[in-house]
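Next come two complexes built around subunit A: one with subunit B, the other with subunit C.
Moving on to the complex of A and B:
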């Protein structure tokens, strides 16, 4: 007669097995494979593969382009994330406060998230066109200095960041709207009874602190999405001019797929993975620590 | 002088009329319970008084001052919400201090970090007041905790402390005990009554629990369908209900309503039994008898005993047809299910077919203890 606890344990393991296998196959496996690949000297198509230790990482450390790429990526994230979060929050509060057309505004703002950035890049290229582009026409109309935004090394990265904000704004907004909906109206009423009913006090005393968990999540998700910036760079600037828009994933694709240096590309991917993982860890830690209001 | 008064209040949400011409006055220092089933408009009435909702018509007065158009903060009322509505990200101390900070500190002094530097004395005074309110409620050791770390009863006391800390003109309470378990509810009842008595503050207390309303209030306003049906002291409400609706809502188990009629001679007849009760009214009536208002007797209304509940201190005998008789355990001894009884009526009130009170008099004095 089998021990019932043992039988239960076996059944449990069997039931968990498909999910366990799939998780390794689909999620963790590839990451481990890339990690292992980064320790080799393999080039795509070559029949020979050898262990190279940390040579790829050593090369990365000495590679000027990698450091430019990393720096650009961090600047891109540093500009686009705060702007996305701030504008997304403003949009969410404005739309939540609007009586009519809420559904329309929500859909309109979410459109860039759902659409293909590759196709939209055409429109942006036109928008940033030095002579006929909408951006310069507006700047000229306002008497502000104009530029060839995408071709000037000083502005190209920021122009791309602006497109990034445009793309992620809708996502931030939808997440903030969900957060706003979860705030019990009682709190605003209690606040009114306690003597605070101005817009600023309402925001500062209830909306902002109650949005804490949503804020952490929005920052993390937009940061991860910003780190992944690639398509606009590929289509609009190709990393130029003079490497001013060279970003991590662009460098990785160039090394791994254009130059077929698969192992070196894998090493760059590992750096990217570590950055993404760090954001995720920070997010879960912060949420665990402060977001349990109960 | 009236503590607070609502006159001719009307309110509709869309096509639904929630309040139909409600007038209600709470004297200064009075504990007024607003009792009614859910959806009767009692919470809306309280929210109109608080300024969280605007009436379509009518006046709101606090003291002698009309406040209809004033925002909540200018009305100087405090409210305890059913959910307590504590700020979850603030400590207990910060929760209780907020109403004082909003009133005593200037906008500059409330600026997050810098404000602290220019408001030291005022903040010390606030902290002292918070401590003074917290101590009798047993909240002193909890001041540094967040609401999520408190039990339901403790949260409820924090909500009370936040409401009373600035000595408001009146306390508004919206079902403040409905989230507590039965034992705590009993304690909290007594605590709230004692607090309001000590502060001498006018209190309006919304509840659907008639036991709560009767136990706590000086007077009870019974509401139904957006109207105040009766506004009276608890005992009067119980003994002299103004209508059948009130009679059925107040008291547990509710008053028995026995269909009957009044003959040409004015005698009340129920189930073919002529009762020693007379009325000047004629025709179909409802005789209202509290469960303890009738006793088994040699003659009276014929009933069949269907079910007996032994509750310890009393016994409830349920008759076929729904009537209930309340007896002492001694008096119920020997009764058996299925047995036929006759019940003599000691105390009763009479209602017309529309539920309105009708005059009723005992034909002859019956000794109270036969």
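Moving on to the complex of A and C:
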């Protein structure tokens, strides 16, 4: 009879092996390869490959389009994340306190998360139509200025950000709802005993401080998702007009796949990866600090 | 009382904005070209044009083919993900073996990598294997779900050890324990995993756009982008009909299985 510990060790290794191999083949290996590729001069299909050191990064540094792209991505994230988080939080609190109709509201706000963004982007294109679009009709009715939102370099990026907010708001909302459920009800009762029972007091003294970790988490998730903005750009604006919606992943696909500059595309991918990791790092740092001193 | 009414007014206004694109999409998919660009919006068409629009959506492009491609691809992907993730999750949660901690750290590390990062090397690899422009090109990169491994591992840890010990006494192999003991106890987690896998892979646009150029291999998002390009913003009726058809399966599934969807998303926050 074989040693049971040995049998368990063999079984564990064998059961983990297929997933482990695939994980390296499809994810970790290629991620390492992107880093290495970014240090070469290789263009897709070329017979020879040479070491180029940091030349690609040097070129990025001097590349006007890259800086526009980075700036646009940061603006997109900077606009859509606060809006998504704030509206998601408001929706979550309002729905929790709504009583009747909670199921309907939750479904309505969450539906965009579960729908095909690409199909809905085409609907948004029509919503933003300069003459017959919903947006301009409503704005006109309210006496607000109208525009050809997706074709105007001053507004296109914000129009895309609005679509992003619409799509992600429901996600932020359900995450906040889970956070709200975790707040012990006796905290509100204690507050009521103190005589402070207004909605604002309840929010300021209990909800907000107790929601801290959920808030950090939602901000990080929303930011990571916003950094990945691509579908709407690809199908609605293709980076235009005049590069006003050029964002990182779009630039990466253009360089890496359209112009076949694999090594240069890899360098852009590395920038994208580092920014994403920075968000995760910031999130864990803030949560750790709260855990220690909070 | 006033406060409650105001809350509902605000929530209803918000819901109207959230649902407006869906309503508009359905509305336009029923209208003839002349009414689409009418200056005054009407919810219902004066002349019903649904049959023409939906017929056009299925005949101008192979929409049915796109849907079947989407179904085939998502099913293959989830089958591969479950087949590899569950055994590893069980090994990580319940078995002792050398390298377990290191393997788990790698799973956590892989969770941090956005799915677009491996794109260029994967493209090169598939090109060398001659697999670009095949179903395999769309499916292979998604066959692993580190998110699934992580989720199932967390869930498996809560399964009592006695249950596993009893199964071993009954002579079950470790492989059989994964599928006959762990799988049934983890049904809610699997449902969440399945929902997220289907949402993500049905809607995925980035990778199929890169991996596939041929029309007959296109998944629904790719197909509808192709349709939109070909029509260049002229025939909104058929385009919105196609958008409705592509969005409907997930939207209906969500409305029927809201709980699993929302729990799945809440458990993780990831896609």
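Throughout what follows, the second predicted complex is superposed on the first by the 263 of 294 C-alpha atoms of A that agree within 3 Å, B and C clash if a C-alpha of one lies under 4 Å from a C-alpha of the other, contacts with A are read in each partner's own complex, and residues count from 1 in each chain.
What we mean here is this: contacts are C-beta pairs under 8 Å (C-beta built on N, C-alpha and C of every residue); 3 or more make two chains touch, one makes a residue touch a chain.
Every value quoted in this text rests on a predicted model; they were computed, and no experiment measured them.
Partners subunit B and subunit C, brought together by superposition on subunit A, fit side by side with no clash.
Of the two partner chains placed around the shared chain by superposition, subunit B is the only one that A:196 touches, whereas subunit C remains out of contact. An angle of 90 degrees, to the nearest 10, separates subunit B from subunit C at the C-alpha centre of subunit A in the overlay. Once the two complexes are laid over each other on the shared chain, residue contacts for A:54 go to neither subunit B nor subunit C. Subunit A has more of its residues touched by C than by the other of subunit B and subunit C. Looking at the shared chain after the overlay, A:278 reaches neither subunit B nor subunit C.
When the two complexes are overlaid on their common chain A, residue A:266 makes contact with subunit C while staying clear of subunit B. Shared-chain residue A:187: touches subunit B; no touch with subunit C.
Shared-chain residue A:144: touches no atom of subunit B or subunit C. The superposed three-chain arrangement places the nearest Cα atoms of subunit B and subunit C 16 Å from each other.
Subunit A makes touch with subunit B in their complex at residues 184, 186-187, 189-197, 201, 205-206, 209-210, 212, 292-294.
By the touch criterion stated above, subunit B contacts subunit A in their complex at residues 50-52, 71-73, 77-79, 81, 83, 85-89, 98-99, 102-103, 146-148, 162. Residues of subunit C touching subunit A in their complex: 3-4, 7-8, 10-11, 14-15, 17-22, 24-25, 28, 36-39, 41, 83-85, 87-88, 90-92, 95-100, 103, 106-107, 109-110, 112-114, 116-125, 127, 140-144, 146, 149, 173-175, 178, 199, 202-203, 205-206, 209-210, 220-221, 224-225, 228, 233, 236, 239-240, 242-244, 246-247, 250-251, 253-255, 258, 261-262, 265-266, 269-270. By the touch criterion stated above, subunit A contacts subunit C in their complex at residues 5, 8-13, 15-16, 18-20, 22-23, 25-31, 33-34, 37, 44, 87, 91, 94-95, 97-99, 101, 103-120, 122-127, 131-132, 134, 137, 166, 169-171, 174-175, 177-178, 199, 217-218, 221, 224, 227-228, 230-231, 234-235, 249, 252-253, 256-257, 262, 265-266, 269, 272-273, 276-277, 280.
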